[in-house]
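Submitted below is the structure of interest, expressed as structure tokens.
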Amino acid sequence: MMIVMKEGASEAEIAAVVKRVEAVGAHAHISQGELVTVIGAIGDREHVANLGLEGAPGVDHLVPILKPYKLASLEYRRGERTVVEVDGRKIGGDRFATIAGPCTVESREVMLDSARIVKDAGAQLLRGGAYKPRTSPYSFQGLGEAGLRLLAEAREETGLPIVTELMDVRDMEPVLEVADVVQLGARSMQNYTLLTEVGRAGVPVLLKRGLSATLEELLMAAEYVLKEGNPNVMLCERGIRTYEPSYRFTLDLMAVPVLRELTHLPIIVDPSHAAGRRSLVEPLSLAAAAAGADGVIVEVHPCPEEAVCDGPQALRAEQFADYLRKLEAAAELAGKTLAAV
Amino acid sequence: MMIVMKEGASEAEIAAVVKRVEAVGAHAHISQGELVTVIGAIGDREHVANLGLEGAPGVDHLVPILKPYKLASLEYRRGERTVVEVDGRKIGGDRFATIAGPCTVESREVMLDSARIVKDAGAQLLRGGAYKPRTSPYSFQGLGEAGLRLLAEAREETGLPIVTELMDVRDMEPVLEVADVVQLGARSMQNYTLLTEVGRAGVPVLLKRGLSATLEELLMAAEYVLKEGNPNVMLCERGIRTYEPSYRFTLDLMAVPVLRELTHLPIIVDPSHAAGRRSLVEPLSLAAAAAGADGVIVEVHPCPEEAVCDGPQALRAEQFADYLRKLEAAAELAGKTLAAV
Amino acid sequence: MMIVMKEGASEAEIAAVVKRVEAVGAHAHISQGELVTVIGAIGDREHVANLGLEGAPGVDHLVPILKPYKLASLEYRRGERTVVEVDGRKIGGDRFATIAGPCTVESREVMLDSARIVKDAGAQLLRGGAYKPRTSPYSFQGLGEAGLRLLAEAREETGLPIVTELMDVRDMEPVLEVADVVQLGARSMQNYTLLTEVGRAGVPVLLKRGLSATLEELLMAAEYVLKEGNPNVMLCERGIRTYEPSYRFTLDLMAVPVLRELTHLPIIVDPSHAAGRRSLVEPLSLAAAAAGADGVIVEVHPCPEEAVCDGPQALRAEQFADYLRKLEAAAELAGKTLAAV
Amino acid sequence: MMIVMKEGASEAEIAAVVKRVEAVGAHAHISQGELVTVIGAIGDREHVANLGLEGAPGVDHLVPILKPYKLASLEYRRGERTVVEVDGRKIGGDRFATIAGPCTVESREVMLDSARIVKDAGAQLLRGGAYKPRTSPYSFQGLGEAGLRLLAEAREETGLPIVTELMDVRDMEPVLEVADVVQLGARSMQNYTLLTEVGRAGVPVLLKRGLSATLEELLMAAEYVLKEGNPNVMLCERGIRTYEPSYRFTLDLMAVPVLRELTHLPIIVDPSHAAGRRSLVEPLSLAAAAAGADGVIVEVHPCPEEAVCDGPQALRAEQFADYLRKLEAAAELAGKTLAAV
């Protein structure tokens, strides 16, 4: 931590800061500039941060130097990238994975049809929500356990591993029976109860970025899972909130190369929810792959017009195989090959 | 819902949209402009929204007309404002309330000292966190149940009602034993499990705005609580995320008069967390009161320098009574008097 | 400037950075932490910044320590606040000023009526736009020089000093003949041509914050004016762009106390443009005054329903005197009295 | 324009709105819902907008239906895309163009070396700034006319057309003598003086998106140029301002496919300024091309370590040809071929 003193801070104020830094066992290193003095506090970040030196007499502001996450950092793994293996499918490193399926599990027929489309086109994992976080209490909230049973049936028929969302810690048991990958949605990115429990469960996690979460906060959320001994975390960029009114969310594709410099964890992109419209999903998917993403998660539906939820953004069955071929070419540009089964 | 067709949408495309609108029992009302046609879908908002007409052939975009919240709207109560009563203290309407206390419950001595400061200065409710949502898994996470016991002791001594945060649905029982008002933090604003359960419990709720939540989303979150039959919801503006790097969060004081036009629920402002620095708390509190807020929630600490958490933003004991006097004057400008006990 | 090296940066990389820092005449001060090394570059900020050390081998990131503005900083004036005097009216320090008038100069009658309303109610300066920056080329662009003549006439009749906008450097001469204060609008905040020219002209300037300008950028824009020897700069907060769709702009009232800590320049708030609606103008004005603003600039119109531009946000003549009385009370809370003539 | 009335608006209020709509020659079309009434105002958008009906008695809010830009819209050209031709190079339609060069013109040697690198690698146009908009008045402001002469020399030697920025309307003549494409920077996007003058001059324009400009505002700025009879406008996405602190700007690649649906104008992406770091430029460029951009504008420098300005983001000479080959492959994915000379 660097403590930047105000112009004209007195000797006594500087000495007082040094004393408080040293009181928590850190070393204070003084750097005297022409106008301002900077005190480097070398030691445990949390201890120094807890000193609450912001606003202390003579202190202008604090600048953290060390990253607050450890296990999630690229340095922690000395540059080696995490490859998450889900029932034989490898995600991360030089492998690119596609996760696809309907937004929500709505009926047996749609779920099984979707699973066949996903399987036949050659995607690697099947997605579908049994529990749906909805802004409105009057919207359809998902089929719940009945939806989980349909996902299990789809896995049995197609052999595709299942990605599904967990919202309530009390649903852990039934969700874990079915999910090969547990999705934590954007609204749950800082639900520390869920993060800790999926960390303890050891199940692979797809962790979506909160809609105004910084990359550092996303990595800190991952750290909650990693800290419990679960290394199988995939990060997911799904659009952030900006001032632009033309989009539902602004898909932040800069996050892809920047996260690759910060972390060893695989980076998945969800273009469907940001776009909200089918026509944008393909260009954004290709862009994500070309930017170096480790995979995408998209929605596909046998009949988008009749989808219970988010039909307008679902890819059509008949275009899906062609979409996957183009996606493969874009991933190759970034040096990746499709995740083999 | 208004469905705006593209320029040059064909008769067949218009007819198809009308057919789908009518299929869910809504009435389609066509308005033919010089360049574009607009179809008004009059009927159940959810049904029409679920049609997923975005991206349908010929459709340009959709414009919702009705507000998605009902119970939270000012119209629902025909303009009468909700007054939440907490152990005799009235919040809302023409009463202004101050909720104060330390950020976190850290020790018996600090908690009781803080309670006495709050009581002596004349504030109405006592705040203190036993469970703390922390960005870092390495930060202090609160005293938990031991903290709840200290809050109970502080209430017993001072008679002040307690405001404390609930983070995990599994802690409902112990928290409800102590809390006169349950706080749902910004990260939990869209935790539908918690919203529903505190709705069922009927306890007064202080619902903080998520850090990139729109006012509509905040009101929809309140709707989750109201829908369960719990009318005692207070909204809390605590700073939003913007591009400005000089602040921790940007306190959105426009929310105060705008929410007053949208809802009957009381509006509380938390200036401490956005500011992060003591020197900003007073001007922002006065501004909140002058803008028409129904109360503020602030941090005060007997010795901010030794606070475990957020000391730099805590008001000092010796300035607190003077702060309250100015606050009262500002609230009067907006036509409010202090909440009597 | 602090240069934060990557974890594991080599001795050679550190030495290379030190060498480049010293090559521009700065002193390099090395602070060796447990994980990372930080190099303090003590010397001319511009020289060090121009080194372009971001991305150099072993460099993680750079942290500027010194503020980039000098003349605008509170330290430069050793804490003494600038009081701008306009034809006898003092703005800044412990004086609060109200600038009012129609959005745009639209006709002789409206302009003179507005001026009388402003004068009679007791506001200090008269505003009105002859040149209007408009998002659409199809919107009314202002009366131009004819508008300037009407402003001159209004001043002659009422004695009120005139605040009016300059958009095009080629209009300097006619605008300066009429304007007592030249307004630079939000879109022109980084128009360096205009900043430099009004700096040279020495005329008082009302400098509006760009709609996504940081406070630092606003102060740097002021620095362009100050650097030319013109000390008469007033800063104006008028709403920033955020994700919230309920407002035209989000009035950033935190800017008021934060700017007071950074600069000696007076701070004016424009609540009308952010609000877009009359009903919000009064609560936001009171909040601005209570937060410590040095003045407000608001729109008032004899007949808002017939205004050419922004009528819905204009205060009505009949409410204006009452509004000013409340505003005076709010300014007093923050220790200010109305600017006397 | 749709005028949405409040719940419970009276017959008289509705009639008053209808009357005002009809008074400006528009037709009022009433749509009576269960809860609210919506009045469609069919006629000239500007006239209806100027009514200022926001805040009128009984009016809740207004919803514009027609897009405010005309000449820039895809519909105006009935879906045919504009191809801007610059000295034989075609930009737009199915052609992809690369504009490259140093950030600023700093010396004869660097300028000519850069031009040769750009030419040899096969890029189509040469960029370089003689006038530099700088946040700080203490930063290097560009070589001015001397810089323009060096650009002219580089063109003469390599035959590459020149893209350079215009900041001050008083520099029109010298800039137009040299520039094949005039760049209007992000800070000038709403400088209506410049937009109008380059519109009149008829020269091809590269119009950068302001850093918090909506796509609609960008298109309205283009409309200012188009309205003067100059059809040669290229739009440029260069990063927007968001809350994320890890980036200089957030490159908004969603703008690419969304703008393609809104306008016929070519869309260029500048990844260098948002990134600020060389390592991000390639992945972002590939992503831009894969998303369907019509070109990129990037910085390349013979010796980035010695660049006067923005060296850390400049591509290196030795990597530039390889970069262009990958870019070509990414553009092909989106159906484009390189702009031939």
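Order of writing sets the chain letters: A, B, C and D. Residues in each chain are counted from 1.
FYI, a contact is a pair of C-beta atoms (placed from the backbone, for glycine too) under 8 Å apart; a residue touches a chain by one contact, two chains touch by 3 or more.
This structure is a prediction, so every number in the text was calculated from the model and none was measured.
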{"item": "Per Cα centroids, the chain farthest from chain B", "value": "D"}
{"item": "A-D or B-D, whichever has more C-beta pairs in contact", "value": "A-D"}
{"item": "Interchain centroid distance [CA atoms averaged], chain B/chain D, Å", "value": "39"}
{"item": "Geometric centre distance via CA averages, chain B-chain A, whole Å", "value": "26"}
{"item": "Whole-Å separation of chain centres (CA-atom averages), chain A against chain D", "value": "31"}
{"item": "Set of chain B residues in contact with two or more other chains", "value": "212, 241-243, 245, 279"}
{"item": "Of chain A, residues touching chain B in the complex", "value": "46, 50, 52-56, 68-69, 133-140, 167-170, 187-188, 190-193, 211-212, 217, 220, 223-224, 227, 241, 276-279, 304-305, 307-313"}
{"item": "Residues of chain B defined as touching chain C within the complex", "value": "212, 214-216, 240, 242-247, 250-254, 256-258, 261, 274-275, 279-280, 283-284, 286-292, 326, 329-330, 333-334"}
{"item": "Of all residues in chain B, those that touch chain D in their complex", "value": "2, 4, 6-8, 29, 31-36, 38, 40, 42-43, 63, 65-66, 75, 212, 241-243, 245"}
